[in-house]
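Scrolling down, you'll hit the structures one after another.
Shared between the two complexes below is chain A, which pairs with chain B and chain C, respectively.
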Partner chain A sequence: MDKILRIDMGAKGGPKMTESPLGEYAGLGGRAMTSSIISSEVPPLCHALGQDNKLVIAPGLLTGSAAVMSGRLSIGCKSPLTGTIKESNSGGQAGIAMARYGYAAIVLEGNPEGSDLYKIVINNKGVSIQVDNSLKMLTNYDLIEKMKGEFGEKIACISIGPAGEMKMGAASIAVTDMELRPSRHAGRGGVGAVMGSKGVKVIVFDTTGLKMRQPKEPEKFREANKKFTEGLKSHPVTGKGLPAYGTSVLTNILNEAGGYPTRNFKTGAFEGASAISGETYADLETKRGGLATHGCHTGCVIQCSGTYVDKNGKFISKQPEYETVWAHGGNCGISDPDAIARIDFLDDTYGLDTIEMGVAIGVAMDAGVIQFGDAEGAIRLVNEVGKGTPLGRILGSGAEVTGKAFGVERIPVVKHQSMPAYDPRAVQGMGVTYATSTMGADHTAGYAVTANILKVGGFVDPLKPDGQIELSRNLQIATAAIDSTGMCLFIAFAVLDQPETFQALIDLLNSYYGLSLTADDVSALGKKILTIERNFNMRAGFTAQHDRLPAYFSKMPLPPHNVTFQVKDEDLDKVFNF
Partner chain B sequence: MSVSSAKIKIFLKLFASLRLDRFDTAYREYDSGTSVAGVIRIEGLPEKEVTLMLVNGRHVECDHTLADGDTLALFPPLGGG
Partner chain C sequence: MNGKKFPIVDGHTGADLVKVKTQISPNMLSCFFPLFQQGITVEVETGCSIKELLCGQMGIDHVYLEERITTIFLNGKPVDDCAAAVVGDGAVLALSAAMPGLVGAMLRKGGFYSAMRSDITYRTQNADSIRAKGRIRLKLFNSIMGEAGPLVLRRGIIIPRSKVMKLISETSAEILSGDMPANGDDSADADILLAVEILTS
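Showing the complex of A and B:
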């Protein structure tokens, strides 16, 4: 990964590409790369859909190597949803292909005039940028079928669906998985809308003959990879729980702990949780002939995904993730696992963030657009989004716009982005992360559920404010660093509990690049990234007053524990004191 | 009837791998004064695999003494997100 590909989509006479060495961005990967480029090159006050914004796609430092779990890529821009800097992260196969072509980043710049839609094809002959208006408004699944017909099965794709073309705030960017399904998504923050504004429908990587990236110190690297793999396999979460039940294994414990946001964050427990739990999904997948244990990219040893089929064995969607099942399930009062999987497929194919869509529909239900629990109604609403009807445009703009359009007070967003599947009143560490993250409400930014609920990396009482600031701070720092390596964030469960597995991760980086990083250096990297992002947001007009939850979380107690969010504003302002 | 022979009724919930070859939920009776560790032993659950214990929705430790009418939820190590 020694070069950056820049494509100026707004160049006179049509898109113009340049390849350059890394220069000032040398040594960066993933989120460190995307946030550094955005912060240095994008005017913070620009319109996110305007020509001055850039879309940066960057594999992690280890992506494309033999390191297990390292297939993630980061997509960065100024977010049209939040107005902040954005890094949205995805699994799938494209990061690996991109890294093996040597690209540390692909940067889409400028906006084309006119309404032509482009596809970018990268193969062993080079890069070509072609107008292909036959792709207009294709869904992701139809688009990938077309690409398979054109280029064969040895490809990996990064694409947008109709939502991205319509530049919706909830638009995602899809990445194909090992089965060439566009089922993995850089979901959050409307990154798909930015790709749409650049006029790019799809980037196709021909994967024929691509070679694995080679480490500087192969022996040490092999040894570190072995220890790292052993650490992941021996930890009960990454070695047993996640492979067997997938991420939805969280449904029951969040529900038991009273932190499962139900019917637009009105209560913390859902009577229908068991029907949509990880246990139920895994059971249905096994009985119906789907697959309960599967990875999203080559080299995954955790295998938290799966394939979900209907009672006749016909594919509905990949195994929906916990956040998706919650957003379209409990948050909407829906307990039908098949209906939720169908919505997951619709979100994937239209190119929508499942969290933003589920929360937007929950807000619409609160307004009485349809009733809580109306699964068919929810499917209809997602189809309206895909078609771009006026109601669909409102919903596709996200939870906040939906709430404003329908006069709803309870809109669970921070910095205009909807909260995920943990009520901040009953999981107060998550409340700190939602409030202060550079990304808007984002669970992955500092996953305090670990110590609040799962007793991973210690225990901090989820119902009290004590200890939450430090917990969120440390997790936000660690996450920013992990997001730069290309590693799946789920390695954190093992890394937090097992010092030798953390050391193996550092050894992987050191032996790959011939470095001598320590744990302190990793922490310093995380702090540096957060500082860059905070600085961009400050220049974009964000202040301490934006690092807050909506007021109702401090006023309206959440049953069953009847708690409000107790962390003080002045303490929230201390999260980034490092 | 002496205090020690009194019984407490507990709603016991098992999750994930703890359910396998057992049950999802059941009402059980134990001697008064039974702790969470006691339930794990009486029910023959694999002690090392029970790492998350919630009584009435709040995290507790093994030595927590149960009261009549409590809901006890037991989980193996979990993660996701």
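Showing the complex of A and C:
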């Protein structure tokens, strides 16, 4: 990956592209690349849907190589939902194709005049940018069928659905998976709306004849990859739990802990949890002839996904993720696994963040728009979003707008972004990360559990009063670093427990690039990314007062444990004291 | 395994209950998974530690408890030390393997990140330490269902007759001993002590 493709969609006379060497961005990948470009080149006070914002698409440092689990793709911009810097990442096949074409980043700049819609095609002849207004308001699934008809099956696509074209705050960017389904999404923060503002409907990569990226030190790389794979396969989470049950295996556990936000965060336990658990989904998939163990991109050895089918064996959606099942399930009082899978499909095809949509519908249910538990009503609401009705426009703008429109106090957002599936009153450490993340409420911001291995800022004593602050800080640092490698965050579980697996990850990077990085270097990268992001947010007008949970989390106890969020503001303000 | 060598283990008297023993084939075990997730009632000696209950009374291997059952909840609270946490009468005990995500790491017993959920961590209560026969609700999640479920079923679970009938129908179970109360009887939906042997394939 030695070049950046920039496409000025607002250039006079139509879009113009340039290719340039990496320059100051050399050595960066994934989130490090997207956040560096956004921070350097986007005015923090610009309108997120205006011509000054940029959409940066960047594979990770190892994406496109033979390293297992390395197919992630980062997408960055100033977020129209949060107003902060944003990095949202996705699995699927497009990151691999992009990296193999040598692109460390594709940057969409400027906004086109007029209402034309474009498709960008990248093949062995080069890059072409074409007006194609026949794609207008196509859903992601219909769009990909059309692209298959036009370009054949050997393609990978990055696309938006109608929600992106309508520039909704909940709009996602879809990435096709191994079956050429647009089922993988950079979901959070309204990145799809920014792609829509650039007038780009789809980027098509022809994958014919693409060659794997080669490491500088092949023998060392092969050995490190072998050890890394062994580490993942031998770990109980990455080797057994996730492949067997998917991420929804967390449903029963969070519910049992009383930390499963139910009916718009009113209680921490849902009576219907077992009906929508990962165990139940896996059992249904197996009995109905779906697939309970499947990867989202080539080279995945964890295989936490699946294919969900109806009673007649007909495809409904990919196996919905834990956060999706929660958002449209327990959070809305819905315990019908088929209905949730149908909503997951609708979110994917309209191009919507499942978390933002589920929380927005939960808020609407709290307001009495429909009743909690009304699965058909929820499906109707998502369809309203896809069609862009007035109610759909409100819901598609996210939970905060929905709450304001309907006069709801209980709006579970931080920096305007919906909280995911873990109530911060029961799991306070997660609340620290929700409050202080540079991205708004985000469960993945402090995911890479490596603090005790990295020893960032010294060994943390979790029993100290400020232990949760230190833990959250270190987790956010480690996550930012891993987000730059192209590695799936789920590797973190094996890395946590097995120092040799963490070392294998560093060895992969070193042997690929001929470097001699240490754990300290990795943590330094994480700190650098967070500093860049914090700086952007500060210039965009964000202060310590934005690093807070909504007040009701400190006032309204959460049954069944009847706990409130107890972490003090002055402690939250210490999180970024590196 | 021969059904005649299939005792309901000592300690699970269910003295006032109708007792029924059945056999099912291994591929029918999943029919019990919804029940495991919702919780099954078992009779045990309460007032002892989780470790004593699981290993001493239920017959779960110590190493398996240590290495595989890494996430335990007692009355909805994550447990760090299963040798110290005491199970009282009426308790709800949930068992899980290692879970993904930061939250999975936080909820793990004695885990490095347990401080991040300290407000809901289980604390021993003296009132629970009275030793007596009692009933608890046992929940099994994820891979623990398939691995420890057969042991629990073999020991016997207490469930309403209607659910026994449904399970027998779903699993084509063979009744080895015991008489099911007749449908329409006054005790038609009374609790039954059901012991299930999983046939070896």
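As a convention for this text, the second predicted complex is superposed on the first by the 558 of 578 C-alpha atoms of A that agree within 3 Å, B and C clash if a C-alpha of one lies under 4 Å from a C-alpha of the other, contacts with A are read in each partner's own complex, and residues count from 1 in each chain.
Going forward, contacts are C-beta pairs under 8 Å (C-beta built on N, C-alpha and C of every residue); 3 or more make two chains touch, one makes a residue touch a chain.
Just so you know, these numbers come straight off a predicted model, no measurement behind them.
Student: Answer with first, second, both or neither: which of chain B and chain C does A:Leu471 touch in the superposed model?
Tutor: Second partner only.
Student: Looking at the overlay, does A:Ala257 come into contact with chain B only (first), chain C only (second), both, or neither?
Tutor: The answer is both, since A:Ala257 touches chain B and chain C.
Student: Look at A:Ser248 in the shared chain and tell me whether it touches chain B only, chain C only, both, or neither; answer first, second, both or neither.
Tutor: first
Student: Go through the superposed model and pick first if A:Gln566 touches only chain B, second if only chain C, both, or neither.
Tutor: second
Student: Quick one: classify A:Gln503 as touching chain B (first), chain C (second), both or neither.
Tutor: So A:Gln503 meets neither chain B nor chain C here.
Student: Touching A:Glu323 in the superposition: chain B (first), chain C (second), both, neither?
Tutor: first
Student: Does chain A have more residues touched by chain B or by chain C?
Tutor: Counting residues of chain A touched by each partner, the higher count goes to C.
Student: Scan A:Thr531 for contacts with chain B and chain C and give back first, second, both or neither.
Tutor: In the superposed model, A:Thr531 contacts neither chain B nor chain C.
Student: Once the structures are superposed on A, label A:Thr389 by its partner contacts, choosing first (chain B), second (chain C), both or neither.
Tutor: Neither: A:Thr389 stays clear of chain B and chain C.
Student: Just checking: does A:Gln51 make contact with chain B only, chain C only, both, or neither of them? Give me first, second, both or neither.
Tutor: Touch partners of A:Gln51: none, neither chain B nor chain C.
Student: Touching chain B in one complex and chain C in the other: list those residues of chain A.
Tutor: In chain A, positions 236-238, 240-242, 244-245, 247, 249-250, 252-253, 256-258, 269, 274, 278-279, 304, 443, 447, 449, 462-463, 490, 493, 560-561 sit in both the chain B and chain C interfaces.
Student: Would you mind writing out the residues of chain A in touch with chain C in their complex?
Tutor: 236-238, 240-242, 244-245, 247, 249-250, 252-254, 256-259, 269, 274-275, 277-280, 283, 304, 422, 425-430, 432-433, 443, 446-447, 449, 451-452, 462-463, 467-468, 471-472, 475, 490, 493, 496, 560-561, 563, 566
Student: Give every residue of chain A touching chain B within the complex, in rising order.
Tutor: Of all residues in chain A, those touching chain B are 235-238, 240-242, 244-250, 252-253, 256-258, 269, 274, 278-279, 304, 322-323, 443-444, 447, 449-450, 453-456, 459, 461-463, 489-490, 493, 560-561.
Student: Which of the residues in chain B come into contact with chain A in the complex?
Tutor: Touch list, chain B to chain A: 13, 15-17, 19, 24, 49, 51-52, 54, 57-59, 73, 75-81.
Student: Can you name the residues of chain C that touch chain A in the complex?
Tutor: Its residues touching chain A are 30, 33-34, 37-38, 68, 70-71, 73, 76-78, 94, 96-107, 112-120, 139, 141-143, 145.
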